[in-house]
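See the structures that follow.
In the two complexes that follow, chain A is the common piece, with chain B as its partner first and chain C second.
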Partner chain A sequence: MEGFLHFNLQRANAFVLFLLFCTLILWFIRAARTRQDLFIRKIAGLNAIDEAVGRATELGRKVLYVPGISSIDENQTIASLAVLSHVARMTARYNTELDVPNKDPLTFASARETVKEAYIQEGRPDLYNDSIVHYVTYDQFAYTASVAGIMMRERPATNFLIGSFAAESLLLAETGQASGAIQIAGTAEIAQLPFFVCACDYTLIGEELYAAGAYLSRDPAMLGSIKGQDWTKALVGLAIIVGTLAATTGLFDLARLFRAR
Partner chain B sequence: MFLRVQLPLLLTFLAGLIPIVAFFFTEKARLVKVPNDRLEKWMIIIAGFAIMLGVVNVVQGNIRKIERKGPGWHYAIFLLIGLVLPGSFGLLGAFNVGPFHGISPHADGSPSPFSFFVSYVFQPLQATMFSLLAFYVASAAFRAFRVRNLEATILLLAAVVVMLGRIPLGESLFAWIPGGKLALGTFTEWLMNNPNTAAQRGIMIGAALGAASLSLRVILGIERSYLGLEKD
Partner chain C sequence: MSIELIGTWIAALLTLCLFSFLYKDNPFFRFAEALFAGVSLGYYIGQTANNTLKPNLVLPLVHDFRGNYDLVIPALLGLNLYTRYIPRIAWMARFSLAVYVGYYTGVNMVQKLQGEVLPQAGATMMPLLGAFPIAGTTALLVTLAATALVLGLIDSARGHLTRGAVIFVSTWIVARVVAQVAFPLAADALDNLLLFVGVIMVLIYFFFSLEHRGAVGGMSRLGIWFLMLGFGAAFGYTVMGRVSLLIGRMNFLIIDWIGGTVRAIGG
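== the complex of A and B ==
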């Protein structure tokens, strides 16, 4: 009881919005479990994954998967591992070589489990070995140099650059482009998105990356959460329009309700 | 089954829920703040141990590569030297063993073996990689700004305006028009602050909601593909 007396009232607005968001998501997850006709728009970058892995299989070359440079406490990394799981299943199914170099040690440990489990679930544990997912270094540019070296020396047919990236995004994407690989990138880092759009064949922009796991699994519950998220976005859009009109006409200050403290 | 599925999902639930609850309480709510602080400390400790896992993997992988003499095996030798040499200098310096005193430069300004390696090998290599960005920006810009369709043409025009608006040449181009000296700069600022910021915020709002939705799926155990697991 003592803990609840210390509720931060300055964050009450955030709490109400948090509850509203959770309610919408959970309601749509529940609704999705009973309905099978949920429409989710096509995401070109995710549809291209099968084609990209197929290309590597046909060429007899490897698939390079870069899960970004952040640790596992970053949402983008978790989203990236969901895509990695799908890619690993495909490489296991088609007996295609997969290479996952890592910068962060916790991401490395998680990626290894993800890939191992994907090979087991695909019924090909014999194809898995520990060198598929390997650690490189904790230094950003040393990691970049190593991955760029893999791209130019070993010429993977397909490069996935999915996760959280910083200054190395363009170095990697341009090197991959020069090596002639088909490239699928995805990040929510605003500053890095233009680089990926310029240098990659497909780019998952922001929310598309977070939706990847749900989109690829086609699990109704997960797709329901995307639907709930879209409805929240519509409400946010409505609030922006109403807020803009109210501020322009001087009626009231709606932004005050949303101000973070 | 419990160790492989239920336990990771339970830990994920707790590790995800505690910081959310802590966010809505003041510092005085020790019931939620203490576990939250502990969680952050544990994360650092676990990451510290995990890096050892990474180092072991690097050593094992590269020794294997040298033994097999596969393609590019000689690079593995340099990598191991680069790992062992400065690592030993750092360790010996930290414990003041023999001629290795400290890891920082000495009081007289001379470098310790470790700081010598950092200043004259590691940092120049880092700077070299970073400076490559300039060339890659040029090649990416060349590809992006080719006039292929209407959108690419608008992008090209906007880029030319922004680039000219941020250099002295842009000012002098329109200086002959009364009040024109700052016109391009002002238009550049408008482009960056209005259409550009609006588009960025659209992506940011979508991404933030996407991240929150993903977090909820992970905390509730609906999204478990990061564990390599399928749905129930």
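== the complex of A and C ==
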């Protein structure tokens, strides 16, 4: 019994789901590395990225990429950096100006690495300079005012608002729309999604943001991860159906196993 | 004029400078924007140094190094971030970022499973017949009929998916109103049914491994309807919060600034 003191049996349900989740992801990553045909459905907002960067190139104006206001401990920011990598590769390919203002210092450091790497991969390190990814301030609304200023003064042709956002979402999306830019947004913040849906041309909703990196890069690790998440969702969905039917008929209480303690 | 009133005047003028952006970009807005960004950055540097680094790293190491020697590891990881400014060893900064991302991914994964996935899945498993079986069954049948109608529409004609969703939602609303008036206890059944159908349809929408065509496409379309209804409610709720922020700012301008100045002049 002594050996089990560090194992909270009341949380065994989370442990089992965690193991299942990890096993599925690792299994699908392995599958993605051996087979190259793992399918992920089309995501409308992502198909518009190429079009949006192309528009900026044609107009000779910049692309503005806002990676949200959170640090890289937030999964949405990591997903946003994957999309940034794709956008940066496109701007490097077409020699289009890119501007990435940052609020969080660690996101700033990671975004700079990401963009630099993208320019190198595209064979255009000569086009990269540190001012592409720049730091603004840590204050949420000072950052918002600064980005809104960039939108109205420099009139980017395309705005990407992808990552974790809070109260500034509508301020940025509205200003971007007023500036006439095509806007692609993506976040998993439920309270902010309605504003993006209203004010942007395309919105990546919730998990679409996490799938975006895999869809764009076709990286086996990311594809496998999305597949693993998909099948975990399918199993949870199945459990909900079985649990609901069981609760309705009174056969057993499956919900008991899902109670967090 | 008191120091406090001078502060109020500065805050009010800066507020007006920022509000001037509603007209268009102008020098007053640019001044306020630059001042806001600069002051806030300086403030946060001071705050981080005094409220984070000093109490959590510097003081523990100075006062009891042997007891807190493990703090040297995060300190070195933090300092390592600055190697990016030395081109020859800039790659080393990636180790710190990798540790940071890896640590939080692991922590977040367990937190999300424990705090969100499990309780939300468990809370969805509700009895569909409600507290009062007969009324619940009646309500259930009405809604099941509507669901069957939607599924029939999905099967029969792809062009009628939106109409099918409208029929489902409107039938549910009618059944819910009838239940509320005639069979109050059946209302629970309808709520549970809506929650159940909504969760499953939204899960199907977020399933990326299948092409959204045919029946899957119809269900995913219904999922997006549920999402949009949820967003509509969230939109209204959040806008109310924002309006209260605007009221707060207007109160400041009218009561603190104008009222305060009038009181100061009047003595």
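Operating definition for what follows: the second predicted complex is superposed on the first by the 254 of 261 C-alpha atoms of A that agree within 3 Å, B and C clash if a C-alpha of one lies under 4 Å from a C-alpha of the other, contacts with A are read in each partner's own complex, and residues count from 1 in each chain.
Criterion: contacts are C-beta pairs under 8 Å (C-beta built on N, C-alpha and C of every residue); 3 or more make two chains touch, one makes a residue touch a chain.
Remember, it's a predicted structure, so these values are computed and weren't measured experimentally.
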If chain A is used to align the two complexes, do chain B and chain C fit next to each other or clash?
clash
Could you tell me if A:A260 is touching chain B, chain C, both of them or neither one (first, second, both, neither)?
second
Touching partner for A:S217 - first (chain B), second (chain C), both, neither:
first
After the superposition on A, what does A:L19 contact: first (chain B), second (chain C), both or neither?
neither
Looking at the overlay, does A:G206 come into contact with chain B only (first), chain C only (second), both, or neither?
both
Looking at the overlay, what does A:L193 touch: chain B (first), chain C (second), both, or neither?
both
Check the residue A:G228 against both partner chains and state whether it touches chain B (first), chain C (second), both, or neither.
first
For A:N8 in the superposed arrangement: first (chain B), second (chain C), both or neither?
first
Should A:T244 be classified as contacting the first partner (chain B), the second (chain C), both, or neither?
second
Once the shared chain is lined up, is A:E117 touching chain B (first), chain C (second), both, or neither of them?
first
Shared chain A footprint, chain B vs chain C, residue numbers 11, 14, 18, 21, 73, 75, 78, 106, 109-110, 113, 136-139, 141-142, 145, 149, 153, 167, 170, 190, 193-195, 197-198, 205-208, 211, 226, 233, 236
In the complex, the residues of chain C that touch chain A are 18, 21, 24-25, 29-30, 32-33, 36-41, 43-44, 81, 84, 93-94, 97, 100-101, 103-105, 108-110, 113-115, 117-119, 121-129, 192, 196, 199-200, 203-204, 206-212, 227-228, 230-232, 234-235, 237-238, 242
Residues of chain B defined as touching chain A within the complex
20, 23-26, 28-32, 43, 46-47, 50-51, 53-55, 57-58, 61, 64, 71-72, 75, 125-126, 129-130, 132-133, 136-137, 139-141, 143-144, 200, 203-207, 209-218, 222-223, 225-231
Where on chain A does chain C make contact in their complex?
11, 13-14, 17-18, 21, 39-41, 43, 72-75, 78, 106, 109-110, 112-113, 136-139, 141-143, 145-146, 148-149, 152-153, 167, 170, 190-191, 193-195, 197-198, 205-208, 211, 226-227, 230-231, 233-234, 236-237, 239-241, 243-244, 246-248, 250, 254-260
Parts of chain A lying in touch with chain B, wherever the complex brings them together
2-4, 6-8, 11, 14-15, 18, 21-22, 25, 29, 71, 73, 75-76, 78-79, 81-82, 85-86, 88, 102, 105-106, 108-110, 113-118, 120-121, 130-131, 134-139, 141-142, 144-145, 149, 153-154, 167, 170-171, 173-174, 188, 190, 193-195, 197-199, 205-211, 213-214, 216-217, 219, 221-222, 225-226, 228-229, 232-233, 236
